[in-house]
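Next, two complexes with chain A in common: one pairs it with chain B, the other with chain C.
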Partner chain A sequence: MTKVWVPGLLLIILVLLAALPLRSTEYTVVLVATILMFIILTVSWVIFSGSTGYLSLAPAAFFGVGIYTSAVLGMDLPLPVVVCIGGLASSCLALVVGAVTLRLRGIYFAIFTFGLVELIKNFVLWWEIQRTGTRGRFVVLVDNSTIYYVMLAILVVTLLTAYFIRRSRYGLALQSIGEDEHAAAHAGINVTALKIATFAISAIFMGAAGAIYAMQLTYIDPFISFNLNYSFLPVLMAIFGGMGQLYGPILGAAVFAYLREVLITEFPYHYMLILGIVLLIAILFLPNGLVGLIQRARRRAFGGQHANT
Partner chain B sequence: MPILEGEGVTKHFGGLAAVSNVDFNVDQGEVVGLIGPNGAGKTTLFNLISGALVPNEGAIRFNGQNITGATPHKICKMGVARTFQSVRVFPNMPAFENVLLGSLFGCSTGMSSAAAAREATDLLEFVGLSAVRGTPAKDLTLGNQKRVEVARALATKPELLLLDELMAGLNATEVAEAMELVTRIREEGTTIFMIEHVMKAIMSVCDRIMVLHHGEKIAEGTPEEIAASKTVIEVYLGE
Partner chain C sequence: MVTFLNIVITGLLLGGLYAVIAMGLSLQYGVARVLNIAHGEFIMLGGLTTWTLYTVFGINPLVSLAVCGPATFVLGFVIHRTLYKRLSSSAASPAIFESSSMLASFGLLFIIQNLASIAWGPEIRGYSYLAVPVNLAGAVFGANRLVTLGFAIAIGVAFYLFVARTRLGKAIRAAAQDPAAAGLMGVNINTVLALCFGFGAAMAGCAGMLISLWLPVHAVMGFPYTVIAIIVVVLGGLGSIPGSFIGGFVLGLIGSIVAYIDPGLSLVAYYLIFVLLLLVRPTGIMGK
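Up next, the complex of A and B:
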């Protein structure tokens, strides 16, 4: 009964977001599109890593594959097709990588996925120098509000997917893998198949976001496309927001991405320093991220009626 | 007819033969005990049966089907469930969800969410945990965590239940309750293969006992035969 207002609130936010390009400056549209992109990356990262506890540093690889798909096919194919192919290409990569590496546990998986980004970056670099004799590519130009709407559409699909996975029996199974994978397998869960499938699903959205984001860049090369920041930022944003609830990563990504943007424009020389301090404070004092802060505030407001441990 | 058969089952860890050429069988409806000193290979044998480990040699058959080297989830779905020596509940999930997971995924026939929830509720009632169904498993006592594990295993609708030291670490009252639980599970028609150190328990609930020592089967028989066996006494007490 307390949750009836949630769908209404979401609908209002969606309408406001949809109406935004009609009455805002070009700058705001680009800014919000970037924030939406970070929410997509963070939420899709959480779909897999948040519940299973496998720390994936591969988002930059999937994002970059999307960017390159867009650069290679963007001139020849219609935009929605390019975005879909970007998502599918990333997903295929995730299937292969997942099948090979999801036996690795803990730190080994993190290191492999980290290396994957570098591997693909250097492979593309080598390919361009050896085979095509180029370095980087131009991307088809698309106006900012189109990019914005496509980003919004991808975000809606990402959130719906994350929500339904979380609510389904597979959400519970993913959580059990995170808590005790061995016991999960003995309870009848095909842990390998579930991990690979979820990894591949989460990569779809990263790839699709990369494909549309590329069109904002006009020029890309392997260093821009396979930038490890796109691996680390979603992780940081998820931690910043808190992963216990679905709204945590959304909130974390939105606040963090906005903060980053403001700091870059206001303090171009010190923004990394300030961002670092904010993160440190968050990790030291908000062990459960912004979600934890909100829950604490709520508990205080309602006089500790949830203290039934 | 044996529900579970093992033939020449062997598992090496490097140069150490943890389980060496062991033959075993468990009949439908029996309660069979597996005992032996620490390091005898009892848990390794359970790991081989449940698919956590693959034997180097030998064959394991369940209901006549070869399950040697099959994956744990497949073996679980075929009807073999297990608990663990050191409890492995899902710590942050409520007791109810721990059990629900078993009924959602462990059943070969598949189950609707509503049916699985009913099943999990019934099983919590069966093991006596209805009152704490919403409590995260990590906040339960060891005895109750073990019951959650048993309920989760039963939720997969097993024909054969492997219990790995169900009573270890429990106090006298809890041991008595656990013995009563084992008896009730058996009455429901589930075959039980159990590792146990609590002798009083194993002697009173088992139809038959197998003894492992240094990975080899050294004795097998009724509780009375085992209690009187000279080899077994030597192994436990020294010569």
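Up next, the complex of A and C:
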């Protein structure tokens, strides 16, 4: 039964999203584009970290590289090319970083990636002040619905990639790395190559999203581009949604990003407080995220007849 | 020669501060297994409390140590008792606890920082205390900075003696080595972990008071200090308290040398050292 209605439902959602800029206000288009961006970041974070268990705090680095690609090349090259270069540049960075660091385990990998973001931010800051004498850059102006459609296109590609990786042998291999890396290596999986490749694939989408998001920002500097929030928020959104199912991170990112936008506009002075409390509650009481909550509710609604299936 | 002396003394003065900050984090991570990203927020609380006590009530900043230390200790103790104890009892493995407790500390960071901005506002605060020049073999420094160094060393040595010589210190070392075995030997493990978290927070509170002596304090000052603490802790070896003490001085010296060459590069240098260190020797100076 589920096999029939899931693709149909997805198609309807896609059509609705595609039709959105035609009938709604500029504000809604920007808001939804931002939510789509957070879904891209969260899902691409889950592609690597969700299955392998390596807690990467590097998304801000990849995202920021995308933003800077757009700021440097945006005036000279056509938009799709800029977005692709943004993705590829981030992916190259991920290849290098992955090749040297993926032997670090556990908390070391997390703090390394965290340090990497700060290193790049401070280096770019120093470089900009030395070379250009100013801190920030202006980005080419693009109208909001174009940004929206590009963001939607990137999201569709990200979701398809995540889905097919999850369904393939390759996804199964990643899962086994997450469970026991030594056992995975003994089972004949080329652990290192697989981790680096996945890390690089997940960075493509972050970089591409950064490249298009820069055009929405119009002005950028190292503090805006390499803001550590872009590393932490995807992690929080993924945990909030629950990583057991692919729809978990999507749901988590959509709800959390919307909540964040509303809180920033409605309670600018208390928004961090509320966000912090939501985060603590999610960590303490929702170990499996929103997905766990939904599954529990479903089990209760359908009673015990599915207990043994 | 005077320039050289100047660089070294600046480095030591800065290093003393880094050492105290890092020892607190090292205790929290090394024993309680919480990589506390909200560490800098306790520093901020210490700094702003000292500022309020001095400017509103006229209490000597050095005396306010008697307020900041215990207050942040109690706060840390209660947070561990309510939040982290729950997390550790529900976590399936130590690795899961490490990542979930780190994420929870982000939540704490948001909450404490926001509450502090409501209480103290966004203004950058500062006061002048003991700002008299002292001549050290040709190099001139403010007396307040020398007081910082003196206190940093005193706190470091006192804490080392406490861990090395007392019964509770022995329990802490046992808990750091193997919490399960320590529990079987009659150590009340939950209390010891909560005490360690509290001591770490108290050190951050004291460091906040020391910082407020010669640097501005404000509600969002905490995070850069957390980052420095993490770098020093990695430099000294994750979980090694003497390592953090030495690492603090090493980083302070490096910082003052690089700042002499190009002040804009000092943060870049810190992160570069950090990243290279993780690649080459992730166990740090004192690590096994």
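Worth pointing out:
The rule is short, and it goes like this: the second predicted complex is superposed on the first by the 303 of 309 C-alpha atoms of A that agree within 3 Å, B and C clash if a C-alpha of one lies under 4 Å from a C-alpha of the other, contacts with A are read in each partner's own complex, and residues count from 1 in each chain.
Just so it is clear, a residue touches a chain if its C-beta (ideal position, glycine included) is under 8 Å from a C-beta of that chain, and two chains touch if they have at least 3 such contacts.
Remember, predicted model here, so these are calculated numbers, not experimental data.
Contact with chain B, but none with chain C, is seen for A:S176 once the two complexes are overlaid on the shared chain.
Contacts of A:I239 after superposition: chain C is touched, whereas chain B is not reached.
Contacts of A:I224 after superposition on the shared chain: neither chain B nor chain C is touched. Of the two partner chains placed by superposition, A:I264 touches none, neither chain B nor chain C.
Set against each other, chain B and chain C touch different numbers of residues in chain A, with C touching more.
On chain B, the positions that touch chain A within their shared complex are 50-52, 71-73, 76-77, 81-82, 84, 88-93, 97, 100-102, 104-107, 113, 116, 139, 152-153, 155-156. The touching residues of chain C, when paired with chain A in their complex, are 35, 83, 86-87, 90, 95, 98-100, 102-104, 106-111, 113-115, 117-118, 227, 230-231, 234, 238, 264-265, 267-268, 271-272, 274-275, 278-279, 282.
Across the complex, chain C is touched by residues 53, 55, 100-101, 104, 106-108, 110-112, 114-116, 118-119, 122-123, 125-126, 129-130, 232, 235-236, 239, 269-273, 275-277, 279-280, 283-284, 287 of chain A. Per the touch definition, chain A reaches chain B in the complex via residues 169, 172-173, 175-176, 179-180, 182-191, 309.
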